[in-house]
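Here the chain labels run A, B, C and D in written order, and each chain numbers its own residues starting at 1.
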Amino acid sequence: MQTQPTLPLRGLVAATHTPFHADGSLNLDIVERQASHLIENGVRVAFIGGSTGESHSLTVEERRLLAQRWFEATRGGPLAVIVHVGSNCLADARALAAQAEQCGALAIAALSPSYFRPRDLDILTSCCASIAGAAPRTPFYFYDIPSLTGVNLSMPQFLAQAGDRIPTLAGIKFTNSDLMSYQLCLSAAGGRFDIPYGSDEWVLAALALGAKGAVGSTYNFAAPVYHQLLDAFEKGDIETARARQMRSVQLVRLLAGYGYMGAAKAVMGMIGVDVGPARLPNRSLTPPEIAQLRRELEQLGFFDWVRR
Amino acid sequence: MQTQPTLPLRGLVAATHTPFHADGSLNLDIVERQASHLIENGVRVAFIGGSTGESHSLTVEERRLLAQRWFEATRGGPLAVIVHVGSNCLADARALAAQAEQCGALAIAALSPSYFRPRDLDILTSCCASIAGAAPRTPFYFYDIPSLTGVNLSMPQFLAQAGDRIPTLAGIKFTNSDLMSYQLCLSAAGGRFDIPYGSDEWVLAALALGAKGAVGSTYNFAAPVYHQLLDAFEKGDIETARARQMRSVQLVRLLAGYGYMGAAKAVMGMIGVDVGPARLPNRSLTPPEIAQLRRELEQLGFFDWVRR
Amino acid sequence: MQTQPTLPLRGLVAATHTPFHADGSLNLDIVERQASHLIENGVRVAFIGGSTGESHSLTVEERRLLAQRWFEATRGGPLAVIVHVGSNCLADARALAAQAEQCGALAIAALSPSYFRPRDLDILTSCCASIAGAAPRTPFYFYDIPSLTGVNLSMPQFLAQAGDRIPTLAGIKFTNSDLMSYQLCLSAAGGRFDIPYGSDEWVLAALALGAKGAVGSTYNFAAPVYHQLLDAFEKGDIETARARQMRSVQLVRLLAGYGYMGAAKAVMGMIGVDVGPARLPNRSLTPPEIAQLRRELEQLGFFDWVRR
Amino acid sequence: MQTQPTLPLRGLVAATHTPFHADGSLNLDIVERQASHLIENGVRVAFIGGSTGESHSLTVEERRLLAQRWFEATRGGPLAVIVHVGSNCLADARALAAQAEQCGALAIAALSPSYFRPRDLDILTSCCASIAGAAPRTPFYFYDIPSLTGVNLSMPQFLAQAGDRIPTLAGIKFTNSDLMSYQLCLSAAGGRFDIPYGSDEWVLAALALGAKGAVGSTYNFAAPVYHQLLDAFEKGDIETARARQMRSVQLVRLLAGYGYMGAAKAVMGMIGVDVGPARLPNRSLTPPEIAQLRRELEQLGFFDWVRR
């Protein structure tokens, strides 16, 4: 019997999509398939309801139902669940945090409010402390993604300050291009924080600097590519690691050309996990676009890359 | 008997604060006092649940209760209500739009989703059409505020496109410093759209360019200053209009030094409308800060400016 | 006999183009024509070597020759000259400032270094003091244009600080959309500074707030439109002023669609002042584009607007 | 006898400081000391007159004299010279390019004009082609540094377009945090371009992704740290490489706290290469600040790190 994953996070953490019916309504019946697909692909942690999960486009009730289903679908199995609970409304985030703790989440994560942006680290820490306090026995990750939130505060300083004020602070989901800041976070407080990296397309760079875990959306549909990358890096075979990273780059570039979110969800359908379309303001692909994307993925060799 | 305001909006529209108890919970009992204060100050339209209303820091249920109370408090009276219904989650926005229509809102308004930002006008228009469609008999304003949403699309082009796709499109609440774009919006489609201006501290500039109405937060506590400004402008007394605008500038500068939102709510308390503190991530003032702010307002002459 | 203009600047100041031959080399023979055209159009101050003058694309020697020619062409006449001397290299700026003083410039102006951006007002003031010190008997304007320099410091605070350190400080050429800051600058130090406004397409807004003078590029080719605007505003005929401002908006929008600089220079050629193409990195229009632009200007009515 | 370096660049390229006297005037007598210091520290290529060289704060004549002196100081020796020739004024850039070719530069480099920013890749390529054309037998590098220029165009697309239009195009000095773009540049056109990396504080990340060379300012005073990093990486000793990279991070963080440029020049003085103060708009350190910086560097262990 396989043991549950523990912190610090190691290897791949899949930031999962939220499955919708064709009409955009929640399609929770797909969750089991998502979970089994990850397990089959050697992924041991699912990060649910984050950016990839379009949490900002879900009602709070939908987020609750989604989390509930993920816990039901993974109970007793090898897949652990981290719940993203962040919201502009801290009361909503606290409610989701409490639910996650009750359900036995491996950890919770929250990004900063982003309509009103915390002016300084003191305010950001207060926001995080409020959320973390609703799940006092569950590790808490701050999810730093300035390109989407517009909140660009010093993460090393955040750790220095929040480490004292948030007893459950586990670390940072670091989706930020500032790799100097990344190194300082990895080494902060004697290395006691866990700083999984959040940009799939240059995870090799983060590994070189000391990353242990990685959270991202392409790990849903291209885990084999990254497992090869991680194995090669581990063995010191940097050439192979680079070649696999380049596959990731080609894949991300292709999907980005279609607006990313809708395209990534379409790819899930192509590999047998039909998570449906995206919700507005993300754009879904039209059937001709999906057909075109499939051809381009074939030309890239994608379907061979991910065949197990 | 006074008649209800109609569109296009004329004069001052107060973007109201959401009242909280000292512990941050909703304090709906204050709504009547807010409404009567506006009426006493000659304001005829309240814009509720917008940025000033900290809507992003409220649960959807709180937003519902807030709107319900405003309609109860203003029924049959001279004050009309516009409900801001925007949200990152369009389903939430639609639910709030439907409620607003049912309650007889003068209009609804919505800002763009801002965590995922619409990539182009087509997506933005689709988002607006979805929301407006939930209140098919109620005028719809798009609320453009790029400094907070990060969504900076061409408003003249939006009107050109959305005018056809959204039957209820009334115009734009324009909180944007681009006054060339403002002029193009005012003259778009033969001037059929209503474009109330949203920056109190330079409303005189907008008046010169043709603004008829203005939506803002300082109209809650400094309406007399602006009524004098509007009257002077109307009479061609530009010197007096400028002098009043300068009062507005001094006031805004002072409040901005305290982080604005918490300070503005403190000012409400000082004039007898206790809307309480702000919610995180906005910062509330400490009692010593409130005392200091009061002294600075006295030095400015603020309490004389707004005495009726 | 007409007297020379004095400070503060009143009315229109034309930010002139630098004339080039078709091959991009300096064509100083056009300067007389530029000067006489401005005089004929009632403009009394030329601002040379600024952004419109493509100063950043000129060698320092070319900037010297350009200034020399402008002083020769305007000596004894009704047109005064302000020389923009700003540069990333302060030694170059000082040399140009000294030349301007020697030639009898009405004033000098300088924008901030922008490759290395001053971190704070102290550094910015030091840069300005260095430049102004090379022309100790000539009024100095700081030229604030954050959209191009990326330097976005508080202008009211600049005046508070630089007023003491720069004896010749006359004011700010204000090309900035922050109209609250504009009002604070106009009223700073008892209104002793001159703050000509720099966005032609919303100069009416600035007039309402108290602007006396305006510096801009469209005053080269559309001065009649703006003189009508200024006259109407002066008389309290706000409707006519708005209508003229809308002509300006339509013109700017049209030129902006062609990349602005090359198009504006092409317009000069169409009205008989052949200032030639733009230099890289600005783009020049192709002959078919020029023909198309001419047609669109005709449709707009532009050539009638500016007929004297 | 050691052979001259050739392209592609391998290992460390020092982006050298421009030496000034205490009064800010050019102090060319220091150039020999800079060159010998680099040679003693195993650096084989000097990149002169770039951002670190404060080229934007130099007159063109000073840039000429600087280049001339570097070629005199390095003639026949093991140190090759790359001259940065970029300028807002392309005529200046061309003159400097011609001089560099005449003097036998290993290569030239140019960053984009940044006051007027090229709107698209076609304009950027035209600018580069103009400059490169003035040195038709000398390899040309585009110097991409969006954080300073504000020009943020796709570098993979630049290579695709400029590769055909600029016969001497050698590659890109890549000072950009977008590591996906970096990988695409490394693999563009079958890997024929040289893409030295320009952020010293995360060069290990770039090495992992395939970087061969690195251009930066800390290689002037901390080359031993980076040589250990490069050696360790080469041997597969990633732990040591990381530890050395962390030294670099601590150093950069310390200098950044003092505004960087003036502090870096002060460090040069501490290790016996007195390049003097910085020029405005960069800030120079005061003597007490220099003393404080020295103490902090001692505490860090810096002087031991770089002892040969």
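As a working rule, contacts are C-beta pairs under 8 Å (C-beta built on N, C-alpha and C of every residue); 3 or more make two chains touch, one makes a residue touch a chain.
Quantities reported herein were computed from a predicted structural model and do not represent experimental measurements.
Ranked by how far their CA centres sit from the centre of chain D, the chains are topped by B.
The mean-CA centres of chain B and chain C are about 37 angstrom from one another, to the nearest whole unit.
Chain B and chain D have Cα centroids separated by 51 Å.
In chain A, no residue touches two or more other chains. Shown are all chain pairs that touch, namely A-B, A-D, B-C, C-D. Within the complex, the chain D residues that touch chain A are 177-180, 183-184, 187, 199, 201-202, 204-210, 236, 238, 241-242, 245-246, 249, 252-253.
Residues 51, 54, 56-60, 62, 88-92, 112-119, 123-124, 126-127, 130, 148-150, 259, 261, 279-283 of chain D touch chain C in their complex.
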